[in-house]
Amino acid sequence: MTDKSFKKKLKKVNQFKISSNDSIIDVINSLKDTGFNAKRLAVACQIYKEMINDKGCVKFFGQAGALVPAGMQGIIHDFIKEGFVDILVTTGASLTHDVAETLGYHHLQGDINVNELDDIKLYGKEMNRIYDVFLPNKVYEGIEDFISELEIPNNNMPVSSFLKFLGEQLPDNSNSILKICAEKEVPIFCPAFTDSGLALQLGFHHQDLNLNHFKDMLEMVNLAWEAKRAGVIIVGGGVPKNFIFQSIQFSPNSASYAIQITMDRPEPGGLSGATLQEAKSWGKIHENAKYSTVISDATIALPLIFWYLKKSKNNL
Amino acid sequence: MTDKSFKKKLKKVNQFKISSNDSIIDVINSLKDTGFNAKRLAVACQIYKEMINDKGCVKFFGQAGALVPAGMQGIIHDFIKEGFVDILVTTGASLTHDVAETLGYHHLQGDINVNELDDIKLYGKEMNRIYDVFLPNKVYEGIEDFISELEIPNNNMPVSSFLKFLGEQLPDNSNSILKICAEKEVPIFCPAFTDSGLALQLGFHHQDLNLNHFKDMLEMVNLAWEAKRAGVIIVGGGVPKNFIFQSIQFSPNSASYAIQITMDRPEPGGLSGATLQEAKSWGKIHENAKYSTVISDATIALPLIFWYLKKSKNNL
Amino acid sequence: MTDKSFKKKLKKVNQFKISSNDSIIDVINSLKDTGFNAKRLAVACQIYKEMINDKGCVKFFGQAGALVPAGMQGIIHDFIKEGFVDILVTTGASLTHDVAETLGYHHLQGDINVNELDDIKLYGKEMNRIYDVFLPNKVYEGIEDFISELEIPNNNMPVSSFLKFLGEQLPDNSNSILKICAEKEVPIFCPAFTDSGLALQLGFHHQDLNLNHFKDMLEMVNLAWEAKRAGVIIVGGGVPKNFIFQSIQFSPNSASYAIQITMDRPEPGGLSGATLQEAKSWGKIHENAKYSTVISDATIALPLIFWYLKKSKNNL
Amino acid sequence: MTDKSFKKKLKKVNQFKISSNDSIIDVINSLKDTGFNAKRLAVACQIYKEMINDKGCVKFFGQAGALVPAGMQGIIHDFIKEGFVDILVTTGASLTHDVAETLGYHHLQGDINVNELDDIKLYGKEMNRIYDVFLPNKVYEGIEDFISELEIPNNNMPVSSFLKFLGEQLPDNSNSILKICAEKEVPIFCPAFTDSGLALQLGFHHQDLNLNHFKDMLEMVNLAWEAKRAGVIIVGGGVPKNFIFQSIQFSPNSASYAIQITMDRPEPGGLSGATLQEAKSWGKIHENAKYSTVISDATIALPLIFWYLKKSKNNL
């Protein structure tokens, strides 16, 4: 490549403007030709839209982190309702929070401005802190009542089957993740299920329960194997990220699309912060895949991506 | 405070939805009652709006980081044009980038996917990399031509006076930060001006120049002293953050409003990542001030804040 | 409290020196009276030493992240060998890496200076990248041979029992974590076991396996319940952090000591980055507990802590 | 390159051990063949040792961040005393802190566990907080007395000349950075000098002062120009990092050695977090240079590096 051709192909950075009447689509389109994480966010929006429009693409959505306490339950619910998620992989904590809200309990607006003495006082008030959100202990009592009365049809079913059953048992709720997944037949996987308040209540009240985690693992490999094309959305890393990628790694087709939203860094070597580029060496992401990592708190990026996708869908 | 009263005053986290027709005002209002950085962003938007509506408030805007290369020049220009900035404190690099774009040169869209060999090749092609943006060396030649021909009226004027002169000399440009500041008579302070390509060219071609940095420092203290109320907007930390706060610290009125957008962490003790709460111990921020720190890449948060403020202004 | 008494009780920051003959104990003692993460590291060393000297304290050690690939297998092994760990909670990936090294395979020194094309080439060479470490695919073949030949005595035993069995089957190795845990009867818990290459091989070759994750969960609660005092060491957060704390939360005695090493931030609300102070509101950490969070890559902090503990033990 | 030759040249990751009698040299040598930031720290130690042993290398040491408040004054002093620094570039805040300690005032050990109410109380007690360190207001009064009585020989000298003069005026002190630089004739540059409490006091009491920042800038370019080889040590980024590199960029010889210690991230595009690799595209670092970035709080990494260098020097 000559110097001239190299320079010719480089596009200018877009010194964009925003006007009052801009839509989210206008703004994201403007950001696409900028730099740093604004560009990455815009590219992530575009890739997600392509995934949705690609009828042969199975969309694996991995979610870790306390998004339900931070008010993102309805947004995640709507990702699923709108058909933007085909398979959900999540954490036991997220499911616990989802059950709590679905049963009518609430997370409360707290404050980051808390020191040790305040945390000790919160303990006295039976109020658990998740950064700037509070979760009252009594919520766990409500969950316990619900869990203790469940009549579980099969002690050895996979976790994903149990979660479908659980979604069916929960009352109607326009934000519930478990409920909408059950309705839309979106499977939920939760490899670290026993690492949760929900599982603790199950274990205390249903002593013969031995949900089959290995069947989930193999079923997930099958789903990845059968996907004509795979698209991956990683929110927050953790076990869901690795579980999705280990399944795809063993499949003939590595992921064609991948986006990830994270605040973790790559340099200390943990998987949550690992770049998507690195995933190519493992055969988790295809060499020609489209991918974008957005370094952002998911509570900012996720609503924006949803807004863009929803508006794009309605503009069709 | 009794347990009952404590719990009573806590509000529920808002499990919000986004619909296609939502405006940026709707979305920010929804985020206000959530958690984590979504909430902080929404609160920052509100505080900034209050600052603008408070006629007695002088708005000090500190900006560090390569925002112009990342396509944010027009947005910063419009913050100033719309009257959202009364005093700008910035870095020599930002001014250099602004001069480059104002003279008609451009930053180019590069790629993060660069390794050592690529960087060596970029050097061979005279293409300087700023993360995923490229700046061709020839831009510096253009700046040099412009700088060498300046007829500087006074070798000992303050940097801020020189920057006003510079803005007047630059060609018309609808994105230029220096230009709009000169037009709107928004003073620009740049305490580390000699830490820039712009100053190097000045030093090479105007050997008798000795811009008076101490006069800037004292003038800034005067501006803080005279402000009925102070509002502070910190984008990216660095010298601009400290320079604004050291001026306010010596004033009778500490800041009534403060927002900051940063990706730096507080734990290693550097000022860029320091919390705004800590600034209260110094008397930089008033004990009753409204404040919010948003942990976000400024390229994401800044356009959103502008969009919200612009839309709010037009809704009046 | 009067102003005078407040100021009187504050100690001076120690402007320390280091001389050639200083030992790690001298250096850590010097850092104890400084600030930022140097102080936190020194305090963490001291707290860990106290835990070890407290005969009634059960030490729960949670480890996430790719520490074995980064050369920390021998150090973790020696933490266990020296009696610094009573209960280990870890990830499936760490166990997979440990099995690989114990079987005589090796992680290789790679390079961070890798771009997309290099990652695609690495894929072609069957070389998986973990930041700046490479893991050849053939390692998995070796693991597969070993796993396929296992004669598992009970398909429904808890994961922790299986991991003890696994440690017994592995060849002698002076670095092996599984081996030393089996020998020293330190139980290993791995709540997200099926999220690993090791479990995938097990699932492929032992189709009737249904390790009982719920029994592990309840056993862990029992261990926390029975601990006279609990000490917690969290390296890297993740599932191990939550699993340890959810067990302690339901116990009569919350943790008396806690240290954590992490690079994650608290602001986005995920548990890995959550402060230890926050854990007090949950009753996970006792109001009078000693605790310290060190913001550091574990590959730097962990060897230093071990060095300090080992030297302290030998000085007795 | 064939697959075989590729794999052959890869070295094994070192699964090292630490024994009680190990020296810091043993430990760093062990870490050299590991991964992540342990490896980077060990490589940084080695590169720094090479710089010192290379008699033709001029060592530019850039320091930002509140290291003196965190107890690192004596360590930085000893870097200079031992001949590990040829040119120092620092911040006005660091110089202010150094003057305070040199005059016999002290930073105090505070606490991170502070909330808004505590910060308001600290303000009432005239106690300024820097993360977990407190600086009493009365220190500024002491600095003011000292500054107001200075008889400055030349109002228009460069900042670096003034700082030499200042070092000569200060009382003897075994930790003082300004003092040891004056004694060892190590020039100190401070491009953002007026962004400091020290400069404010100077400005208030010496109204005709107009220190010539442009002469510093040009002198720094000369020093870089005349260096046979350049070595760069960046602690904390900020203005010192850019100032060193902008000087080297215009020199015939770009840096042969470079190490940086930072907690900032590269993705948001600011210079503090920028990789050293990126500096190659600018011609700031030579294509064949040895370089290493350590992602670590400087309060942990800097004492370790000093310990290693000091012990290596004494072992000769």
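To keep things simple, chains are lettered A, B, C and D as they appear, and every chain counts its residues starting from 1.
We take it that a contact is a pair of C-beta atoms (placed from the backbone, for glycine too) under 8 Å apart; a residue touches a chain by one contact, two chains touch by 3 or more.
Note that this is a predicted model, so its numbers are computed, not measured.
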item	value
Chain whose Cα centroid lies at the greatest distance from that of chain B	C
More contacts between chains, B-C or B-D	B-D
Distance between chain centroids, defined by C-alpha means - chain B, chain D (Å)	26
Chain A and chain B, separation of their C-alpha mean positions in angstrom	33
Distance from chain C to chain B - Cα centre to Cα centre, in angstrom	41
Overlap residues in chain B, where contacts from two or more other chains coincide	35-37, 66, 69-70, 113-116, 127, 130-133, 263, 265, 267-269, 277, 295, 297, 299
Touch-based graph of the chains, sorted into line, ring, star, complete or other	complete
Complex interface listing, chain D residues touching chain C	3, 6-7, 10-20, 22, 24, 27, 30-31, 33-39, 41, 66, 69-75, 78, 101, 106-110, 113, 125, 127, 130-134, 136, 175, 263, 277, 295-297, 299-301, 303, 306-307, 310-311, 313-314
Contact footprint of chain D on chain B as seen in their complex	64-66, 69-70, 93, 112, 114-116, 119-120, 122-123, 127-133, 156, 191-197, 199-200, 202-204, 209-218, 221, 236, 238-239, 242-243, 246, 250, 263-274, 277-278, 280-283, 287, 297-299
Contact set on chain C toward chain B in their complex	35-37, 113-116, 118, 265, 267-269, 295
